[in-house]
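In what follows, chain A forms one complex with chain B and a second complex with chain C.
For the complex of A and B:
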């Protein structure tokens, strides 16, 4: 058992601690450079060129400076997509937090058999986003969907969920909340389980009811976990793509920023402008991540 | 020891034989009958022992296949040699330099000779800026499928004008009183087929997206009348209010379940209606050319698939030989019999073996010959998006036909203007 250790000591023995640290970090740095820095750098580079695979600039890109970005700022479709993405964030992040908190509280109840509810929590999280989108597409189908079936049985009128913009937006939000609240619930459940039981016991001794102990103990102590969940959820909400894409049969009546980037690059083959849009999306994600990093560092102090 | 030596020699010989074999990889979409294609490749392999053909099966719709191919070809991946592409794509493949043009392997005289044998629409679709980008695999066009049993019950003949079709649908729906039966099914989801839906009334009225010189010529008025026609079908209750939800294959499967009197669909539907195990309409479906508009002419939308050689292939010469075989009358006949794909050679529409399986091919030739092609343009993807998404929004009543028409014309003008 000691052999590998001694071999390491032999080959790294003469290195100073600093040099050793350097060599041990090289593989990770290379990997990070290859899968994160290089593509992002390449994206920034492409965003400064006119490059369309549908004409001669596909093989010989023309440098245009920041023209693609100027174009984006006067592109109505970009602003609409950005606004739609913001709306998704504003509705689905709080939505997922509320539903996730309820689910976590439910899962934290002292049931004798815990696995069915935990499995129920994990399943939506484990399901690929596109599948969730396709499933909800069927739920909201005007003719065969279960939602309209319930509405009709209750004496209502069939609604054209997928093709009426206002209804489509809420259908998309509902699907995203269903899909993402289990992730929130998992984080909050972990947070709930580290709250010491003694606190509840002494609160009960002091005559606090359940409602009071929830507001005075559970919620304040859960705030770090809620923040972590909110930040993760916000980052992914800014990247929303799969569910609205799958729910519209590939159409784009309701288009998020990520959907617009895809249409521009993969479908229209306009890689220069598509890259510029992706850079703008990257900047937004970057800012949200900075907020997250600042929070994590704050929590360490 | 001696045995071992001979075994080694045998293995060595076998492996060099394998190494000499050319392996070609062919990309085929999930809806283009990969099972039938495999049989055709087996036939080619048996005649060309030096070649092995592998099939790679892609997504079900033209858009899904192209998304995958875009990532493969934009990264210059040499793994695919031959690709089956939609009739709308040759211009973009040439502009992106993804296709190794066929001309290099064909003297000009024999190219002329070869192209003369195909249906003219396909020789035109595959020649872009004078270069032969691909060769046709099979033809396709839109037809009007109808419930022969229902039309007969009420004494109707298959309609030749849309007004007739609307009247027949109204009468049948009213008298049948079946809430699950709908009148006229047309493609309305924001998918590629909806581009045909938009263009059909425009072609029938004598218009098109471009004029004979290839300049943009569509007017707002033409576009508005086309959109108004389809919205009108919903207003007159011969089509249900949720047409914006329906891609082609939904109409096909609903018609197969007996839920439509009429359906405007491409040729593949026939085989499904007749042969699918779950078909409720076996022997009850008739098919005729799409009806004409009052004061206009009949028009159909040209479909069909083409074989092209990837410019990144490492076996181009062998790939070209394979493509020549795949675009031959022999293969066209196999595809017609086994997959009910319309042939690309006019003579095959009178072939007795084919007519035995597809009796309606006899009437299909004039439809394919008169079918109109969607715009040929390197930026077709953007043209398609502008048309199908806006048409879908008009059908969903998010926009009026006038707003939709203005938007389509403005966006297409920008694309044709190079913006």
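For the complex of A and C:
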């Protein structure tokens, strides 16, 4: 007599559940190991060497300990790039959160036809960052750009957006905020849709106006979604590369940390020092990720 | 209509969201139909005076846009297939099987998804040089596939969890192997999830710039973002050509997004909020 239970065949012959799980996870683990984990290890290793492809250390790297890191701390270009990156984070993360919240609140209104709204939020998300950079570069063109055209029609002065450093910074920030606020809006919209309607109804019964119910109900209940969006945005804003690269046509009068890391490693072929810069960048972003993981796990409990 | 009519405000709200989302694409579409002499006139025109297809003709003949398009399609297609296949296996294990340290595995996935791409760039560049794979599709397909594994896996796990376990057990009682049950029951039922994961992986790869710029730099191997970015330096007044090229590059993605918008939104917020 066979129990029904024992007639369940365990995949290839008699593979145990644990072995099956192992083999199912292997391909993903291999690919991630090859493309993400090994490179990080390799980076840490190379950062301890003097290695440039342009001289003899390309083939025979010289161990220098932490000298590359010491060099970074006195490298003015590194500090400028780090400062520029922090400015981008400080301006575009709150900017995208405010614009994203506004878009989410508008998109959450009871529209009968929803697809134009949804598409209005999805299109900026799906647009490649480089394309957003190119389009906004054209918008901000000093002579033929639509933004200067509007400014002049309103009676203002033509602005040299691309060639004036401060204006270039704001042009870059505005492009990033436009590009990233729709992703924030989609996350916040999902958060808005799970707030129970009864809360607003009972608040209305108690005489609360819209403004009060926004501050007392919507915002407090939306805090978890806002935090998730804020941390996501912080991590991606810290990696900003595509938009400033495209808007300056590969130039670097405004340079972010990611742009400096790439120039040092790939253009200058200074692998040792480039790796040290990348390690510093990795460590900073790792700390933010740890905060995020702790927060997510805290929310699960 | 009166201004205290709530329907007016609904229209205003809709207009703000729609205009904000569409105006760059619309502006580039208008630009693509203008001649160079119209584009370099001040004050600028908003609507094209004499709409022309000349920029598109040039994009197809003078600039290798179709080649870039093909490269993007091969890379994004290959990366999507590989990523979704590998992620589906992992997601099934994570959703259905008893695995020690599951939380650790999820944390690792999320952690890896947040690695800055630029920090992986140099080691990948070295590997690709050492293997002689520079300007080879494989050099870009593998990293693009890997970079989308976390989000694809998270989306697929939540879809697999939504499929009743009893269906699988029933199939296994009827003599299906576990993999057979996976193939005949779980995969068809999770088709929407597989589809969502595929779109996310595809868009990620289609949009990626930094790795494509570094690992496939020769002109014949450029993907659309790299190829179109380089048009900036290759022409003295590149905007007519760039705008036509952008329209060509954007139409397929816009279509996919328009057709499958609900799934994309669902997948995005799942991968995001649950991540």
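Remarks
The rule is short, and it goes like this: the second predicted complex is superposed on the first by the 269 of 301 C-alpha atoms of A that agree within 3 Å, B and C clash if a C-alpha of one lies under 4 Å from a C-alpha of the other, contacts with A are read in each partner's own complex, and residues count from 1 in each chain.
The criterion applied here is as follows: contacts are C-beta pairs under 8 Å (C-beta built on N, C-alpha and C of every residue); 3 or more make two chains touch, one makes a residue touch a chain.
Values in this document were obtained by computation on a predicted structure and should not be read as measured data.
With the two structures aligned on chain A, chain B clashes with chain C. Once the two complexes are laid over each other on the shared chain, residue contacts for A:249 go to chain B and to chain C alike.
Look at A:238: by the touch rule set out above, it reaches chain C but stays clear of chain B. More chain A residues lie in contact with C than with the other chain of the pair chain B and chain C.
Contact with chain B, but none with chain C, is seen for A:59 once the two complexes are overlaid on the shared chain.
Within the superposed three-chain model, A:85 lies out of touch with both chain B and chain C [touch as defined at top]. With both structures placed on the common chain, the touch criterion links A:121 to chain C but leaves chain B unconnected.
Shared-chain residue A:143: touches chain B and chain C both. When the two complexes are overlaid on their common chain A, residue A:68 makes contact with neither chain B nor chain C. Contacts of A:213 after superposition on the shared chain: neither chain B nor chain C is touched. Of the two partner chains, chain B is the only one touched by A:165; chain C is not.
Chain A residues 141, 143, 249-250, 266, 271 lie at the interface with chain B in one structure and with chain C in the other. Of all residues in chain A, those touching chain C in their complex are 4, 7-12, 17-18, 20-21, 24-25, 27-29, 31-32, 34-40, 42-43, 46, 103, 106-107, 109-111, 115-139, 141, 143-146, 149, 152-153, 178, 182-183, 186-187, 189-191, 225, 228-229, 232, 235, 238-239, 241-242, 245-246, 249-250, 258, 261-262, 265-266, 271, 274-275, 278-279, 281-282, 285, 288-289, 292-293, 296-297.
Of all residues in chain A, those touching chain B in their complex are 52-55, 58-59, 141-143, 160, 162-165, 248-253, 263, 266-269, 271.
Chain B makes touch with chain A in their complex at residues 63, 66-67, 70-71, 74, 92, 95-97, 189-191, 240-242, 244-245, 247, 378-379, 381-382, 385, 388-389, 392-393, 395-396, 398.
Chain C contributes residues 10, 13-14, 16-22, 24-25, 27-28, 31, 39-40, 42-44, 46, 82, 85-87, 89-90, 92-94, 97-99, 103, 105, 107, 110-112, 114-127, 142-143, 145-147, 149, 153, 169, 172-173, 175-179, 203, 206-207, 209-210, 214, 224-226, 228-229, 232-233, 239, 242-243, 246, 249-250, 253-254, 257-258, 261-262, 264-265, 268-269, 272-273, 275 to its touches with chain A in the complex.
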